[in-house]
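Have a look at the structure below, then the notes.
Naming follows writing order (A, B and C), and every chain is counted from residue 1.
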Amino acid sequence: MRTIPLINVEDLSFTYSGASASSLQNINLRVDRGEFVILTGLSGCGKTTLCRCLNGLIPHFYPGQLTGKIEVAGLDVQHRQPHELARYVGLVFQNPENQLFSLTVERDLAFGPENIGLPRAETRRRVEEALHTLNFEQLRHRAPYELSGGQQQKVAIFAVLTMQPEVIILDEPTSFLDPKSAHEILELIHQLNREREKTIILVEHRLDLASQYADRVVVMDKGRIVLNGPPRRVYSEKAYLIGIGVPKLTLLFNRLRKDRLHVRGNPITVEEAYTRLVEAIARD
Amino acid sequence: MIEIDDLSFTFPNGYKALNGVDLTISDSEFIALMGENGAGKTTLIKHLNGLLKPTRGDVTVDGVNTKRASVASISRKVGLVFQNPDHQLFCETVREEVAFALRNFGHKEDVISKRVQWILQTLDLSQYADSSPFTLSGGERKRVALASVLAWDPKYIILDEPTIGQDYLQKDRLRNFLLQLTSQGKTVLIVTHDVEFVAECKPTIVLLSKGKVVGQGPSEEILTNPEVVDRCSLTLPQIAQLTRRLEPYGADKKIIDVYSAISEVKRLIRRHR
Amino acid sequence: MSMRVFEGFKFSKLPTPIHNMDPRAKFVMILAVAVAALLFSDILPLAVIFATVPPMTVLAKSSRRWAASMKGAAMLAAIIFIMNFITGSTLTYAVAMTLRFLTLVSSFSLFFMTTSPDDLGLALERLGMPYSLTFTFTTAVRLVPTIASDAQTVIDTQKSRGLELEKGNPLKRVRNYIPILIPLIVSAIRRSIELAEALESRGFGASEKREPLVVLKLRRTDLAVIAATIALFSLTLYVRFYVPLPVVESQIRMPKILPF
């Protein structure tokens, strides 16, 4: 029996107002509760446009011609305002600077719950829980712009989380971060997926960092979905032809196989690659 | 050659960003300046074209001390490409935008139009010559910013975080272009924390931490040293992590790029036959 | 006018009694000083009123910045002094007017140095201002350092492309600001679009009623300050209208060489 998907996009097409070409063409996408999906593709392929469709920014904030159906948590997105959808779908943006509004961390975490009209005690409870999970209790009165990039993104993620949405979409959240902070953010997102059953859609170019956490990778090209499946299956010849940054380990193995060496598997982590190579070395 | 001699810099608000940096940048070098956020990388590169003057110490560009020269005069030799193209675009057409610096430097109109045409072609922007830069995509705007600096053909080209937000193809193209520039005799310095990008083009690495140089050397040496890498909030490139794990099997842990790894793995497998 | 005068209006967080005061009580206090300065025109009372400001800045641990902002306002103060003197007023009157100006600048400077924009927004909200307006205000304040830093980056970028901001005739120098203004405005617009997107995505406007996490409460000390201020101000009013003050007036005037 098919479970009702948390996100159901059917035959979605969209053209920005005043644009000559469409940004999305016949998108069909189904995401089940608890899935971790990576959305990737070259710049301009439509990933960001698709994300905006899922939380209502399109068509309410960005007008244009939209056809097709978008359902999130049972709601028809097209007929709801983004601020209504905010408690079901959270969107975390690339630049931490432009999504933190308040002069203290505490108040930024409270901003979402305040907006949806929650009673003060409930807001306080959620803010305390967020500060505790992040271990940021000492930072509660600090101004967000005084924090490091990694800390800011953590606050941004939890500022969305305090509204308790079921789906969290993150649009290239690690772009501005150094590798160590990027890794911490991805681990945090992974935790939210595993421990709190949040459904995650992560837009990312850095597939070598993020693939290990994903149940599925969706590749877009020129407004269409061209590949959709588990990471190891998706990182095939076609992926190279599109030009996305397939993890180097997968690339390594594919080339070895082309040169007729007997290595098995499509590793996306160093651990996997190591195990497979040791196998191959020992076998011969 | 750019010589940085015991450079220290303190901001007007008292924050000491640079703490005695010593560095020599030779001709035709390809350098990656890396380090954690707040290490002082951007502050350092602003000293290289005179935007900032040292609080203590000296910066000398081809024999000229930056304390005694204007930004405009040093910029003829040192081209600085900033991170965000939107902080510079203001002209009605891409052509005008790219010509801006050339006009400021006093070149003649016929030289300017030739140079503009050449650089637009080199960076695959000719089709946009008469478009407004504001209508271009993010990646294209970044290329326009780069073109506007390369147009005056500076000897030293410095790029501040050129890979942020770029997809794989764009980075690949950028990497090839930078290598091409060095082969043409230019000196290229990039400020970056993109370890995977650096692992594939292998420039000399200068590691900056808390305003001091804490490491300097070939990529293969620096990026395979876990303590120094961790200290600067970086990670080992994935390939380096793998070759490090395979060391007990005879792997060379100094291999950091994919193509060398392919050869290395083949060697290991054949050796164990 | 030097940029340093703006330093005197920037908030910085310090644990002083003035900082901790409820913004409404603080405002009452500072408004009292400002209105008192406007009530008098003679040098003696104005000097007394002006003298109440430095101790408050010391209490707020902000005396150095206040002094810097006074230095920055010095030029404007000098203009006021000269204009008054040239138009035939006595020396003491010109000094009195200058003191009034400096008192007004100081008192408001003290207010903004010690009140966080967030608290100010909360105070305005409590006083009945619609949330959309108070939010606009606090966001604008929060963005000031960000935009200032953007401005510096734009200037750096264009200087690196050979733009000369110091040289040239006045007309050329004004034109040279176009490469600064346009990127700055475009960046500010892009930034505000991103902010608006983020606002929508965080449910801004989802509910009419809001229960803010932090609520301003007037404490006993705040009430005491308000009471004391009202008392002192009443006294000041009384002095102004009913008590003849010794007049300190020098007869030094400018000789009538100018037509006015």
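In this text, a residue touches a chain if its C-beta (ideal position, glycine included) is under 8 Å from a C-beta of that chain, and two chains touch if they have at least 3 such contacts.
If you're wondering where the values come from, they're calculated on a predicted model, not measured in any experiment.
Peer 1: What chains do chain B and chain C have as common neighbours?
Peer 2: Touching chain B as well as chain C, we find A.
Peer 1: Which chain has its C-alpha centroid at the greatest distance from the C-alpha centroid of chain A?
Peer 2: C
Peer 1: Cα centroid separation between chain A and chain C, in whole Å?
Peer 2: Their C-alpha centroids are separated by 44 Å.
Peer 1: Which whole number of Å gives the spacing of the CA centres of chain A and chain B?
Peer 2: Distance between chain centres, rounded to whole Å: 29 Å.
Peer 1: Of all the residues in chain A, which ones touch at least 2 other chains?
Peer 2: As it turns out, chain A has no residue touching two or more other chains.
Peer 1: Counting only residues that touch at least two other chains, what does the list for chain B look like?
Peer 2: none
Peer 1: Contact residues on chain A for chain B in the complex?
Peer 2: Interface residues on chain A, with respect to chain B: 41-44, 94, 148-149, 172, 175-176, 178-181, 183, 205-206, 208, 243-249, 251-252, 255-256, 259, 261, 263, 270, 273-274, 277-278, 280-282, 284.
Peer 1: In the complex, go through chain C and note every residue touching chain A.
Peer 2: Listed in rising order, the residues of chain C that touch chain A are 116-118, 138-139, 142, 145-146, 191, 194-215.
Peer 1: In their shared complex, at which residues does chain A touch chain C?
Peer 2: For this pair, the touching residues of chain A are 55-57, 60-61, 81-84, 86-87, 90-91, 93, 95, 97-99, 101-104, 106-107, 110-112, 114-120, 123-124, 127, 145, 159-160, 163.
Peer 1: Residues of chain C touching chain B in their complex?
Peer 2: Against chain B, chain C makes touches at 150, 153-154, 156-164, 178-179, 182-183, 186-187, 190.
Peer 1: Provide the residue numbers of chain B that touch chain A in the complex, in ascending order.
Peer 2: Touching chain A: residues 36-38, 137-139, 164-171, 193, 195-196, 230, 233-235, 238-239, 241-242, 245-246, 249, 258, 261-262, 265-266, 268-270, 272-273 of chain B.
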